[in-house]
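Got a structure here, written out as structure tokens. Questions coming.
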Amino acid sequence: MNTWTDIFILVLVLADFRLLATSRLAAVIETTVLQAVALSAFMLTLAEKPWPLLLIFLSLITLTVKGAILPWLLRRAMREAGVQREIEPIIGYSASVLIGMILLGLSFIIFIPLKASVSAGSAFLLPGALFTTLTGLMMIVSRKNALTQVAGYLVMENGVYAFGAALAVEEPLLVEMGVLLDVFVAVFVMGITVYQISREFDHIDTDRLSELKD
Amino acid sequence: MLINIVLIPALLGLIALVIPWKKIRRGLLITGGITHAIIIACLAVYPKSPVASGAWIGLDSAGLLFLSITSILFLAVSVYTTGYLGREGDRKVLDSVEGFLFRNEPEAIFIACLLFFLASMSLVCISHDMGLLWVAVEATTLASAPLISFHRHHRSLEATWKYLLICSVGIALALLGNYFLAYAGHGKIHLRFDDLISGATSLDHAWLKASFLMLLVGYGTKMGLAPMHTWLPDAHSEAPSMVSALLSGALLNCAFLGIFRAHCVLTAAGLGRFSGELLVFFGMLSMAVAAAFLIRQTDYKRMLAYSSIEHMGILSLGVGIGGLAGTGAMLHAVNHSLAKGMLFLVSSHLLFIYGTKKAGDVRHALKKTPLTGVLWLVGFLAITGAPPFGLFLSEITILKGILDSGRWAVAVGYLLILAIIFIAMARIVLPMAFGLPERETSSAPPVKDYREPVWLAGPAIALAAAVLAMGLYIPAFVWKFIGQAAFIAGGN
Amino acid sequence: MNIMTSIIHMFLALVLSPLLLGIINRVKAVFAGRRGQPLAQPYYDIIKLLKKGAVYSSTSGWVFRLGPVTGLASVMVAIMICPAGGHGGLFSFAGDFIFMAYALGLMRFVTVLAAMDTGSAFEGMGASREVQFAVIAELVLLTGLAVLAAGTREVSLAAIYSKLWTASIPPLGPVAVLIAFAFLIVLLTENARIPVDDPNTHLELTMIHEVMVLDHGGPDLAFIQYGAALKLWLFAALLSGLAIPLRTGQPMTDMAVNVAGILVTAIIVGMIESAMARLRLLHVPQMLVVALSVTVAALLWILR
């Protein structure tokens, strides 16, 4: 179980690097699918066998929503906005990957003093989750394409979700469903807004959405 | 019975989404507002038994306080909206700033989202579980985003995008805070509010502090605390006025409820000083930022937005200091919502008549539209804390609380910033009401009738009267509520 | 460290390395549906070149003549340290992987110097591109080796590779996969293969490695080609020693498995060359940075 958890977290971390390095929107969406798979998998490997039915159900729902429905929404928004590539980002791709390395190192360092208080199944879980959250935040901050920012929000939610799994938080089923539902509706509304923006502006470069200021 | 305050508006919203008849839709909006208000009144007058422990939803005094504010404001807004949609609903509108024609969002979506907004805010106020609270706050973000982009043009879309993204990121951080909170209880304590309070002494302090920080930053984004406030001026200036009124008057308070609950948990765990200090810091920062941006403000709707940021800062400051200041802060929440709601409604009429959002182009409102001009002046006096309005009472209560706790520096800063804001707003508002009519703008088509329609005048006068009343005489039961609400957080 | 095995391995390296080039070319031909060159074609080329004379331009000096010879010598020295899948090379000492990296660096250095000594801007351009990639590639190589050293708690290549898949260390698991991936990218970069550089291109603007050796002829070119083959063998040996999780303890078997792995690596390189196109020049450093991030992630993993 431990090795499998390690492997899935590694996949999560590598997926983050892929997100930082790529400029193709389709690749970004595929990588979020990969992250969803890794997330639902290590939700299961963290728990002890035999797996409670509830856990399997939750894992499947997570996989469906994050791995199928949300990417489908994003792809639809991509098609309707007619964009395929990222616009020149604020931080270049190689620089983003280098910063990602520094962030990964920081994530490991932050959790060293908290070692004793973490009884998680793997020592890499918390740093990996923190790194994923930071990657999502970096995507939102440094990328200009609106769809990449939505994907960054998704990745941030993935990271927070991984924290939840790592800290073995037992939320009632209703709240978990509520969280997933919220994320789904959020992406839905964002997708619609992106469509409106692309129709109104003829581009989805958020760097150019800068008319309102003091 | 309690869940009806959420279910009824949500159901009405769904119906409004699908039916094709305009008048019935608008009628549904008013029905929703009235029903909501009636239920709240019943709940307030007939106090229910204390919340069953382990329940997910329940009404305690803080929740009831914020819920009633929301309800009153929504009632006023629903009356206004009916008339507004009748006037502006489906035709092409001339943009005031750039002069192009734009269309509005379909009414069905607008009315449905207003009702969903009410439902989700009610859910925030009645939830007793931090997880459910999170779901509800996120739901308010999603329900209000289409409201901001009611006017379909590029500036409102920009404002909507900023709002969506910044608030969603903030709320994701709040979810992290929730998880930290659950971990602080070592998985044994559920996130139910009552369980957290009763088991507070066994919570791990380090994780609790980390959790409060995350929750403060996360819900603070929604509330408009600096430096997470950047979405607020844009959203308030581009949204139609009644949406701004709801956002400022109801949503910011509900977001504050999340922080308030966390503060209560930390106080029960003995970390009240830590969370109080953080609240004081963010409160002062918000006030300072608001003052800085009010000084040379040219847009009167943005001015109102920054004033909201300032008052949220005062709220946070009051609760952070605790004691008498906490009670003052609760009173302040009520007064601010009433006054700000009224101001936004009045400003919409100014926009309609003068056709511009620039304060420099609005002159002589007292002569042109006497009622609006008077209300505008009254609102200005109320919001800056002049007697005999309610905000004077609440701000002085907070000041007394600060002085009681011996924080001289905070008191001096507080007074200084309030003074700066008074002067800055006076510079903008007074010329608008009194100034000479030499500069007439010609960007708006000539309006035949300058008089306020009754659907605008009614709610605005009612709200103004309420603020005045709160300043002159506060009924005993209101004091009781406020006292109870503040007591949870260590007020008295 | 069985001396016999090491000597046989060195002998195999010296003899079989041009065969790797032949295998790559054959695989590419098969993918393209052609019959392709004979497997031993690189041997014929080298022998042919050795018999020819060389022409030296008057603008070049002794550095130009020094390049190929020194390069070949340094890569031969590196081969002597190269591990043979679980067993060391002829020499091994603490920190020898740094020595190996520096020997390869010396080879690159003299090649670049020789290129710049020709006085032509053309070779200089190729040299600058090559060095630009080498900066990051060397970093990836050294970090990858550092990860292996940290994982096995040894500082000598022979010791690292002999302990790698045995039971004496905690299982490396996913880290090995990551480092193998990084080594593959380094192999492709250092040996100027697609997707970094196209060895068959004749267009000036797209040449990187080829253009550096454009002016050499005769025995010099033979040394360069042979040296390139040895370098390919070296990296392939590192990669297959890491990627094949088999350590029987029998020296000859291990070495045979390693050699088989090297030949398979050549086939894989051929497949990669046939399946991909060359990356745009701007994207090559990005790919290398990704490889670096993968090794850094593995390093943080191992260090915990």
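Letters are used for the chains, namely A, B and C, taken in the order the chains are written, and counting of residues starts over at 1 for each.
Note that in this section a residue touches a chain if its C-beta (ideal position, glycine included) is under 8 Å from a C-beta of that chain, and two chains touch if they have at least 3 such contacts.
Note that this is a predicted model, so its numbers are computed, not measured.
Enquirer: Which is the least count of steps on a path of touching chains running from chain B to chain C?
Expert: Between chain B and chain C, the shortest chain-hopping route counts 2.
Enquirer: Just by CA atoms, which chain is the most central one?
Expert: Located nearest the centre of all protein C-alpha atoms is chain A.
Enquirer: If you tally contacts for every chain pair, which pair is highest?
Expert: Most contacting pair of chains: A-B.
Enquirer: Any idea how many Å lie between the Cα centroids of chain B and chain C?
Expert: The answer is 66 Å.
Enquirer: List the centre-to-centre spacing of chain A and chain C in whole Å, with centres computed as mean CA coordinates.
Expert: 37
Enquirer: Taking each chain's centre as the mean position of its Cα atoms, how many Å separate chain A from chain B?
Expert: Inter-chain centre distance comes to 31 Å.
Enquirer: Where in chain B do residues touch two or more other chains at once?
Expert: In chain B, nothing touches at least two other chains.
Enquirer: What does chain A use to touch chain C in their complex?
Expert: Touch residues, chain A against chain C: 3, 6-7, 10, 13-14, 17-18, 21, 93-94, 97-98, 100-101, 104-105, 108, 123-124, 127.
Enquirer: Report the residues of chain B in contact with chain A in the complex, numbered from low to high.
Expert: 129, 131-132, 134-135, 138-139, 141-142, 145-146, 149, 152-155, 157-162, 164-165, 168-169, 172-173, 175-176, 179-180, 182-183, 187, 190-191, 204, 206-207, 233-234, 237-238, 293, 297, 302
Enquirer: Taking the complex as given, what residues does chain C use to touch chain A?
Expert: 171, 173-174, 178, 285-286, 289-290, 292-294, 296-297, 300-301, 304
Enquirer: Going by the contact rule set out above, which residues of chain A touch chain B in the complex?
Expert: Against chain B, the touching part of chain A is residues 114, 117, 133, 136-137, 140, 146, 149, 153, 156-157, 160, 163-164, 167-172, 174-175, 178-179, 181-182, 185-186, 189-190, 193, 196-197, 200-201, 206, 209-212, 214.
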